[in-house]
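What follows is a pair of complexes built around subunit A, which joins subunit B in one and subunit C in the other.
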Partner chain A sequence: MTDEIGAPRGHIKDVGIETGAARLTPEIIRKTALRMLHEEAGARLRTYLDICVRCGLCSNACHYYNSMGGDPTYSPAGKVKETLSVIMAKNGRVDVEFMKKACEIAFTECNLCRRCAMYCPLGIDTATMMLFVRRLCHKLGMVPQYIQDTAHSHSATMNQMWVKEDEWIDSLQWQENEAREEVPDLRIPLEKEGADVFYSVIGPEPKFRAQLIYQAAVIFHKAGVNWTMPATPGWDNSDMCMYTGDMEMMSRLKKLHFETALRLRAKRIVMGECGHAFRSVYDMGNRALGWRYPPVPVIHAIDFFHEILTQGKIKVAQKYEKPVTIHDPCNIVRGRGLHEKLREAVGMLCETVIEMEPNREHNYCCAAGGGVINCGPPFKMKRVLGARVKGDQLMEVHKKGGVTCIAPCHNCHGGLEDILHHYKIPMDLKFLGDIIYQCMEK
Partner chain B sequence: MQDTDNRDWELGEKTPARPGEWAGQFEWVEEPEVSPDGERLAAVVNTGEDGFTLCVNGVVWENLYERVWYPRFAPDGRLTALAQRDGQSVLCVDGEEEGEWHDFLWDTLFSGDGGTIACAAQNGGAYSVVKDGTRWEEEFFNLSGLAVSPEGSKCVAVVQVEQMPAGDITKFQEGCYKIAINGKTPGARLLSAWDTAFSKDGAHAATEVRVSPYDYTIAVDGVPWEKTFPGVWRPRFNPKTGLITAPVKIGSGWTLAAGGEPLWDRLFTQLWRHKYSGDGSRAAAVIALRYGRWSVAVDGVPWENTYGDFVDELALSSDGSLVACIASDQGRRTIVVNDRPWTGAYDMVWPPVISPDGRRVAAVVESGGKTAIAVDGAVLASGFLKAFPPVFGPGSDRVLVRAIHDSGGKALYVRKVLQLDGPR
Partner chain C sequence: MHSLYAFLTGSMVWVSVLLFLGGSVYSLVSRAVMARKMDKMVYSYFSLHYALRSIFHWVIPYAARNWRLHPLFTFVTFTFHICLIWTPLVLFAHVGLFYEAWGFSWWFIPDLAGDVCAGLVLACCLFFLGRRLFLRDVRYLSTASDYVMLALVAAPYLTGMWAHRQWPGHETALLLHVFSGELLLALIPFTKLGHMLFFLFTRGYIGSEFGAVRHARDW
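Here is the complex of A and B:
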């Protein structure tokens, strides 16, 4: 459909989708879809489909639509029309090829960013519908390979990256040793009961970005925070099962995360700089288990950093001099409204901020969120092309002198790295913790 | 079970340790642990250039290491810790190295009486279990969920029995995990497995398992029930009958099931963490009566009071006549006994402790940064920097308080035996 601008839609071969599809028949699809429509669709989903007036206001809200030259099949309403609308209208009587296409759309052409919901005059949440399609794909055993592998890791190890129990502890102790070279009396307190803060991170931190744990430890230490991390599973707050539609595993992951914080009698959970994990812990996972709100208060790192900066627990030795821009992660901005605190924190740390337009809750997604980047290399080019408008935003900032993009989310980092590289934008990326660590009095 | 009869139950106060004075002797002192009888206080200390060790009542262990962590008193009073040097780990028990050095040791666990000590072990990337200093002969690609039977005869763990190429989603779904019992893996291949419970005599182990991408059930000694569910939580054995029960999801609700069939006649929005009384006559579980309202069901019958945040840490008396838990509503935590919450609400509450006669409940509570011991809702001793779980005397009329308080700017550990008022 949009081959002319380079997105090989429908031609990507993914092991998970292909092997899943090979096991399917129209009858299996129909039975599974009917069961899901009967048991899980609910009034909200049917209402969304019934009330959509095809006004098209969601189209310009979608970075895929805008990035793909206004191709209407990439509009939110268009994506629903190509997937769930047909499944419901035909009572699940769709064929295998249809489901393969629906799977690709739901998993790789929607970041579940909810920007469109904000612009829809009727409040239709396309993300909810795309999640329903993903769950149907999960029930059919047809999920992109890379994100399915991540979901398997969650199941086997209770973390996203196949990190074994000893590797987790060893990574923390390694980072503690490293940090003691700089701060000799620093500790990463393991299994400390009754701490004020239970600090949880996502699987990639011990696996690939261990320096973030180091930096967090230095920040906590200097701020005098009474904190702990567990030496057991339950440390990982991330959740790709939420995005594959495996809500049973999502629930199990969140249960263990909260139980671990409760076991250690922690006063609150501070989560590292991750957006989707926040959505899972603060919004979807807790509610799936029956908790209206998280049983232990949860705050994102942005909230926490803002708190210790405004309370003067961290002093800024020298502001970050390079002009920065701020990327607003969807799940903590539209999902939690942290955009102003993020700016206040950045303002305390950096000399010059050049805003991307639009920004705050109107931000464009990095196109990595919603598990899209976790679908892996087969879909990378489509993802990067679907983020052209984000590339345009960043290029504008670069032209105005912007040097550094602050993105307080892991998946945003992954997505933005690819965007900067593909669109040849000479900017670097930082977490907010990177900036604090660099600028703080130590 | 801990033998509380042989402890010093004389009324009065001792000061076995002065941790405030340790601070001046060492680079730093880590979180203290207390012995079950309250006679010893221990903490990991950094001695400076020479390394780490344990300080017990002011006396340090002889050996120094690059790292000492996870200090834990066994129920029989032995003090254990994991020590590291040159990239190797060893278990230390009362200051002596027990067994061989390993590439990594973690998750120290004890049998009920403390007679057995086990750790998870990794050597050269192969995973095993060390029980009382002896390593399983069998090794695996990964190991998690270690559990020790109450009488110490068995160690059970979830083990990976086949290596998976990176990203091989088909291989994972064929099942690469099993339940290892003392190193043997007699049961079925599983997609995943988690928590294990033992029968009272330790003869059988039940584990929550995943047998397909969509099916969960309970495996008994590694063999899954035939009946599966879209969700299960940790099983328990009835201590009297040996019946295995587990929370299971049926449709959109949860109930307690036995042998794969529903045991309770109603569904709840959520149900987990069930427990039995010592005599097996009653079962209680944490439930969500409806979305966002948490409570307890006893033998399937819910309490009237519900709580918005959570309910946790169920405890039942031996005869089941008393059921206690922690409940939290709007950020304030308290203890609830037989559906009646204590009048006090706290910033933090530790698990309820029930007296041997089943009539009293005690707990550590925290408000405004100070901890206290509360019994039956009334504060018995307060103003502590840190308090450890209270222990009832054999006659249920005395309480052992183990706590650290501020004595002229220095932390002082006190061991008090306090008399309770007359019988309730």
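Here is the complex of A and C:
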């Protein structure tokens, strides 16, 4: 792989895209595109394309557009113009170079954050169209290598990080042992039937953020929660297949996740602090399986933490003293309206909150979401440059005295870490669980 | 010229109205059928309450954040759409034609107000043209058809004013006025002007998704 960090669009070489493209011919593209247009381009997609009056009001909704000096090709309507509009207008008669560019745009220049849908007077959902292009790329076998590797892991292991079944159990027992040094009677209950809470996490937690499982266990234990985790595949709620356009695999993942919770007869699923996984379980995966709403009630950790804090099940020993700011993850804010509960929880835990502007539903994405960070190092610099406006927001907070950024989402953490580093903003990052664990009575 | 005028104000009126109504019904029904087959979630998640909540916020000037971020555009676009739709419906000359043909009429605005409204539509069209020509992103997004649409929208108002003000060549302008008006009406369901028909549904659907599923505002 050629790692051309900072290279302009169209010049970044990704082995997944290049290798896939090498196998393509215009005829293969046309046949695949025609089949997809016939089978999957429904009324929504066609109406969006038909009625967009190209007024440009979506432009400033997009952090890429705002960060890239107003380059119009980064506006949401511009990205559609560069990709799907042409594919539709030409009935799939596009060449390989065109598809390479469309692939790069759809996978690495749109976080599917749905802010532009909020800013379009006609309610056009650009994310739906970008996902359509990604799915076409998936069907053409042309997907950025890093995210495709993750999708392969999902297929082979039913988790995101190639975690083997025994490694999963080992990681939980390891964290239980660690935590018992602090809280001697703590357990991480495995395979417990009929629990109130089925706690699910994303693959990176057992892989390299295991302390989050430790912290969650302490919080649940102290709050007296009747909870469990499964010892079988189905524990991972994450889903990069949703973002590669592999909707069949997304459905398999969600099916296993729901069936595992149902097998254990759990009353509800509580998900760790991850945005995309929540979108997958709460919003997209259930639909693909034919469930209007998930078959088991699903709540995000923020919702759950808010609940146990307001019910007094967790007591705050000492508030977090450093001034904090709140990063609103797209998938739980525009995706679930949890911004006020997040603020109420942070208010109970922290002395001082300095808001970024704009915030809540109008937040700027960290530019890591939508699988963009999962496209890996080749696209890292473009991602960080595409998040300049988020860097500006954080810098403003820093100038006002902000020290800590609370971001209740894994992908946001990855993106924000890179932003803080690149734009030289001396702030630290925390999950809400980090703050609760630090401030609670233990 | 008289026979052409009679043709344009006779048969062609019916043709354009039928194309507009028939085309609109066809567009909406065919999309509804397609959605039933391929976008079943539209029916599952469509919520009248949240659809209206969203539409309400977008048809009130400056109620949505994006309207507030574009104060001049918002003023112009609301002025444009209000004048565009209401002027032909309440113009004395048009109401008079209905009275002559069918013997009934309704409230109308004075001629001067009609000219002012038509002038506002034209001024707004110039503003939109300016955006297409001079704003970097809008210029990039614009295609030839967008400029043609703008000209098509402006034509009946320009020629209408021309004819009413009896400027030189007003007889030809009157013919062009009737023709361009009919053309505009007939094209609504078949062009981007169709956003007039679909706005309620696309905005309503995203409002339903945001409200009923995602519990978030979308304005």
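Keep this in mind: the second predicted complex is superposed on the first by the 435 of 442 C-alpha atoms of A that agree within 3 Å, B and C clash if a C-alpha of one lies under 4 Å from a C-alpha of the other, contacts with A are read in each partner's own complex, and residues count from 1 in each chain.
The definition used in the following text is that a residue touches a chain if its C-beta (ideal position, glycine included) is under 8 Å from a C-beta of that chain, and two chains touch if they have at least 3 such contacts.
This structure is a prediction, so every number in the text was calculated from the model and none was measured.
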Subunit C versus subunit B on the shared subunit A, clash or fit after superposition: fit
Touched partner set for A:E165, first subunit B, second subunit C, both or neither: first
Touched partner set for A:E191, first subunit B, second subunit C, both or neither: first
Partner chain in contact with A:T157 - subunit B first, subunit C second, else both or neither: first
First (subunit B), second (subunit C), both or neither touched by A:R292: both
Which superposed partner A:Y146 touches (first subunit B, second subunit C, both, neither): first
From subunit A, separation angle of subunit B and subunit C (C-alpha centres, steps of 10 degrees): 120
Partner chain(s) touched by A:Q173 [first = subunit B, second = subunit C, both, neither]: first
Which of subunit B and subunit C A:G401 touches, first, second, both or neither: neither
Least C-alpha distance (whole Å) that remains between subunit C and subunit B when both complexes are overlaid: 7
Residues of subunit A that lie at the interface with subunit B and also at the interface with subunit C: 287, 292
Residue ranges of subunit B in contact with subunit A within the complex: 27-28, 30-31, 67, 69-70, 84, 104, 106-107, 120, 122, 127, 142-144, 160, 166-170, 172-173, 176-177, 191-192, 194, 210, 213-214, 216, 230-231, 233, 251-252, 269-270, 272, 288, 291-292, 294, 308-310, 312, 328, 331, 347-348, 350, 366, 386
Residues of subunit A that touch subunit B when the two form their complex: 15-16, 19, 39, 138-139, 141, 145-146, 148-149, 152, 155-157, 164-166, 169-170, 173, 185, 187, 189-194, 231-233, 246, 248, 251-252, 255, 262, 265, 267, 287, 289-293, 295, 297
Residue ranges of subunit A in contact with subunit C within the complex: 40-44, 46-48, 50-57, 59-61, 65, 70, 72-73, 75, 77-78, 81, 117-119, 121-125, 283, 287, 292, 333-337, 358, 361-362
Of all residues in subunit C, those that touch subunit A in their complex: 31-32, 34-35, 37-39, 41-42, 44-45, 54, 58, 64-66, 69-70, 73, 131, 135-143, 146, 192, 194-195, 198-199, 201-207, 210, 213-219
